[in-house]
């Protein structure tokens, strides 16, 4: 199959899933099997595409021109390919997990849930493979809109409040800051296409570049750069699988991916490093990392703590890109992948704990580890990976980020990375440790089934395993990124 | 000039009078004066129409409606500053503009020189001596069609508003 | 027959109106209106094709030369408007049958369609004519019929709304006539083309400048440019749904066309934009309209009023496109004319369907209506997204051009104002959508059932059109491009 | 009562003359001031006067409502149809030149018919409005 | 000052025209009585007639009805336009008055202030 067809398939398959699911609303088993089929097919298609890309091919697909200058077009490059593959791979796992979770918790509106989920994947793939700013923006907004119903899934007042915040922050930032940024780019560069080496070279003064970068960095609120991060903790009211895939992987990664993409293919690493227009962003990201980590320590609600940890981890990605050095880019690319695997594991565990024991607060977990060992083992692995300790793949992304910082001569940043790793240790490790060795005040198990249902266990062990694999074979992620960054 | 001044006076009367009957009658007077002014200006057709319409139809209509409603105007409660302002601004612009128009009655104003030469061609092309009629019905016949449609519109509109239709009358609901 | 298309464009609806007035049976009247509404767009499209193919089409009524008679003149600009107006009429026709039957008492239905067709005649006449005074006559035809249509609303406020519109509309029309008169006295012609030729000689004389002022103000009254919009909200809110849909989708657009025609063709871009401060003035009013009206819309409790105020705001975007007076900005303006006609038409149709099914107007009474009328409300969501300007809808395309035009001029602050304003749109659209979809159904909503097919089809036609044109706007953009270059904009 | 009699008799004398005058204004429009519109107004006024004197009922017998309301569009129809005739006889819309064998007479004919159309619409509209208002009055 | 007087002489009727127009406009905006408003409106429209007709006049000319021995006529075009304008004016007036009748029936008044206040009371 040609690259064009594969790209088309990668968009059509999840779309078809979204459209077919409602037809089987009456028969849950059929409905879920449709979803699973879609996930697997998509993953296969993306793997096929990945193999082409690793083979050096750069497939592209031009769909249509809205008007001259605004084209819906796709162009595959390693970073996006990586992002798409990770997302779709995790979609399989998450769907598996969802089935167990939604049924165990007797959630309402399951059909709508699966439809919106598939639609979100369409948007994510679109973002990952977009060939120009307009296409990327198109799917970026689509992602916001289709995930809104998932956020307000429970229709409770706080869910609606969170939903409103979610919409207003994401749409608001993207229309008020991002759209002008894109228009400005169009006027300045005369094109919106992503080109290796960027399209803005010699087009704008350093100050203008810095301003434009600011518009992008804050306009892409999905990147949750402090202070535009409030929507993320709020979005945690959604069912856990949603938090897991969308708000630990798809949505937020779409944000940081957008930032990296803009820095690499619109500004161009050269232009940015020579003009020094990215320096301020380095420090903004560093600040974001530290602040979010500190807030995370103060949160007792497990999902909230994980959310803030996400915010800080996203900071790494932006930071790496903002450094505008070879290793920085590689590091942030790897961070996207490793953090995705690590964080989704953690959310799976959180969901499992809630499903079985209806516990949501960290303080309630003491002693629970002895009841559900598998869950907390997985949690431990995920945590280690995120902190950047063996045997977690996170180690490598941190490593390359440090290299990037050193290349950029930013000693201060190296220090920041160290400190924040310590903070990570401080707010993540206690959870499994107390679970294993702490003593439960009162009865921890409330006498019910000890370990999580099978689908959940499968899901979390799969992802945690992936973390370990990435530790031993980082090349899977490293090589494509290396090839991209050396362009 | 005399007539024009009288026109002005009548207008003041219209503005000031509070009894609507008086206002109606005054506006009738106004129309007659206007008509005579128009005659002086050689616009006989217009004068005739203005007389029949302004002093005829309009007044009848107003009086008829007054018969259905009340006849005294209440004192406006709110201050009339904004209207005064709007009126003065409009007046200023207009005076500023018209005082630069070609002087009254000269033969070489643009509309006579550059304007269409109906007078020369009317008889030859339409055989109609009253040029107003020929322009009205032929040269700019489409305007007049539009004008007739306007009457038609107004007529149906008024019927629609005022005619009592016992709803669901057999012939119409069918 | 082909060479008579311009005349037929206006005659077909006119004869339709006459027939409606003669046969007084509601069903027959609707049939006539429908047939007419389906013929006119065909004519319009043929005309536009002719224009795009072989250039400007000129038709001499009565066979008299434009200098002494009346001329019909179609170019890319009003060709587009003709297609839009007649196309909307065609879409509205099927919707009208049930809606009018439900809202207008049987004895008056035939007259309703007479008025409706007369309004259509008037608007088409304004759009197609090349004669300043003829434009006034047809302006009055459309206005008088609109007043009557509004007055047919079920609530007594409809009468007052109609009266206010009548007074203001007449003032506007009279202002327009004064302006035209001044130009006529200075140039000795009423033909727009000849005016354009001769006005250069006298363009800086006081009467002509005053004429510009009077015409602009007069038309602004008709197109409801803030703060001359006071008549519009009540008129839209209390008129019968079909009338609201038609006016919202077409009336203001035609007025805007007339303004563009005078500013750019008659007075000329060089004069108006280069020598006079038209751009800043019009920009200020447009931006004021966008923000003020949108903000007011947020606080409306009546759904129809809310969208009426939104119309005032949306008109602001269009006039903004006119004000900036670059090829890009005018493209944005013209595409927004199309986009807004589609979106607002769809929204008001949906509201009309809701009114028919639930008899409710208040947003609070419409809670949970989405459960009962899912298809209708889904269309509302789509149209709403287009109003907001979400990428993938035509609303985005026009906004994009406006923002780009602002940047091209270096007015980055204006670009930010434009995008910021769409946030207010998010608020009131979101408010309505959330009420309709995510709240517990109210009593009125529970009683409602899904709209009939005859309404769903037109509603969805428009909704789909907003998305389709949002993904492929090359056709309108191309026509707008031609129009802009024909007007001498760069 | 006697007043009433006098009124009726004078009316008997005046009304025909008014109609006559209307007709004169109508046809003399080509050579002197006047035309369809003015004539229509006078004719309409005649009917209204008749109604004022002999009562609405009697008038509605002479000039039935249905007829009046039908005449309003008919007048316009006459006008527009004349235009279409021009279109069918090979000219443009409203081009009367080909209505008769030579152009000038064609124009004269066209103008004549068109003015007739105006007359009909104007007169009938006035009467119709009067009927409507009067019908409103008697409640 | 002198040229002002000269101007006044040359444009006297236009100045009057302006006065009529503006007073008509003033009535429309300032007054609350709906019938009075309409009368003002027709005043406003009527005054426009002069604006059109006056420039058409040529001193020493006659009405544009062709006859032998006369060479100077007034310009007929403005007359035609104004004939149309008059008709439009009366049509508007009729429609407006019809509305007023209905409003009077619905509200029992034709004073705008009272109507608004009755509406706000519901």
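Letters A, B, C, D and E mark the chains as written, and numbering starts fresh at 1 in each.
The rule is simple: a contact is a pair of C-beta atoms (placed from the backbone, for glycine too) under 8 Å apart; a residue touches a chain by one contact, two chains touch by 3 or more.
Keep in mind that what you see is a predicted model, and the values were worked out from it rather than measured.
Undergrad: State which chains count as neighbours of subunit B and simultaneously of subunit C.
TA: The common neighbours are D, E.
Undergrad: Touching subunit A and subunit E alike: which chains?
TA: C
Undergrad: With contacts counted as defined, which of the two, C-D or B-E, has more C-beta pairs across the interface?
TA: B-E
Undergrad: Between subunit A and subunit B, what is the gap in Å from one C-alpha centre to the other?
TA: Their C-alpha centroids are separated by 72 Å.
Undergrad: In angstrom, rounded to a whole number, how far apart do the mean CA points of subunit A and subunit C lie?
TA: Those two chain centres are 45 Å apart.
Undergrad: Taking the mean of the C-alpha atoms as each chain's centre, how many Å separate subunit A from subunit D?
TA: Distance between chain centres: 80 Å.
Undergrad: From the C-alpha centre of subunit D to that of subunit E, how far is it in Å?
TA: The computed centroid separation for subunit D versus subunit E comes out at 26 Å.
Undergrad: Enumerate the residues of subunit E that touch no fewer than two other chains.
TA: Where subunit E meets two or more other chains at a single residue, that happens at 21, 25, 38, 51, 55, 63, 65, 81, 83-84, 87-88, 91-92, 94-95, 98-102.
Undergrad: Among the residues of subunit B, which ones contact at least 2 other chains?
TA: Residue numbers touching two or more other chains: 44-45, 49, 53, 57, 61, 64-65, 68, 94, 98-99, 101-102, 109, 111-112, 115-116, 118, 129-130, 132, 136, 138, 140-144, 146-147, 149-154, 156-159, 161-162.
Undergrad: List, in ascending order, every residue of subunit A touching at least 2 other chains.
TA: In subunit A, no residue touches two or more other chains.
Undergrad: Can you list every touching chain pair?
TA: After working through each pair, the chains in contact turn out to be A-C, B-C, B-D, B-E, C-D, C-E, D-E.
Undergrad: Would you tell me which residues of subunit B are touching subunit D in their complex?
TA: Against subunit D, subunit B makes touches at 44-45, 47-49, 52-53, 56-57, 60-61, 64-65, 67-68, 124-130, 132-134, 136-138, 141-142, 144-145, 147-149, 151-152, 154-156, 158-159, 162-164.
Undergrad: Once bound in the complex, which stretches of subunit A touch subunit C?
TA: 64-68, 70, 72, 134, 137-138, 141-142, 145, 152, 155, 160, 164, 167-168, 171-172, 175-176, 179-180, 183-184, 186-187
Undergrad: Would you pull the subunit B residues touching subunit C in the complex into a rising list?
TA: Subunit B residues touching subunit C: 93-94, 96-102, 109-118, 121, 138-143, 146-147, 149-150, 152-154, 156-157, 159-161, 165-169, 171-174.
Undergrad: Using the touch definition up top, name the residues of subunit C that touch subunit B in the complex.
TA: The contact residues of subunit C facing subunit B are 14, 17-18, 21, 24-27, 61-62, 64, 67-70, 105-112, 114-115, 118, 121, 125, 133-134, 137-138, 140-141, 144-145, 147-148, 151-152, 178, 182, 184-189, 198, 205-207, 209-211, 213-214.
Undergrad: Using the touch definition up top, name the residues of subunit C that touch subunit D in the complex.
TA: 4, 7, 11, 14-15, 17-19, 21-22, 59-63
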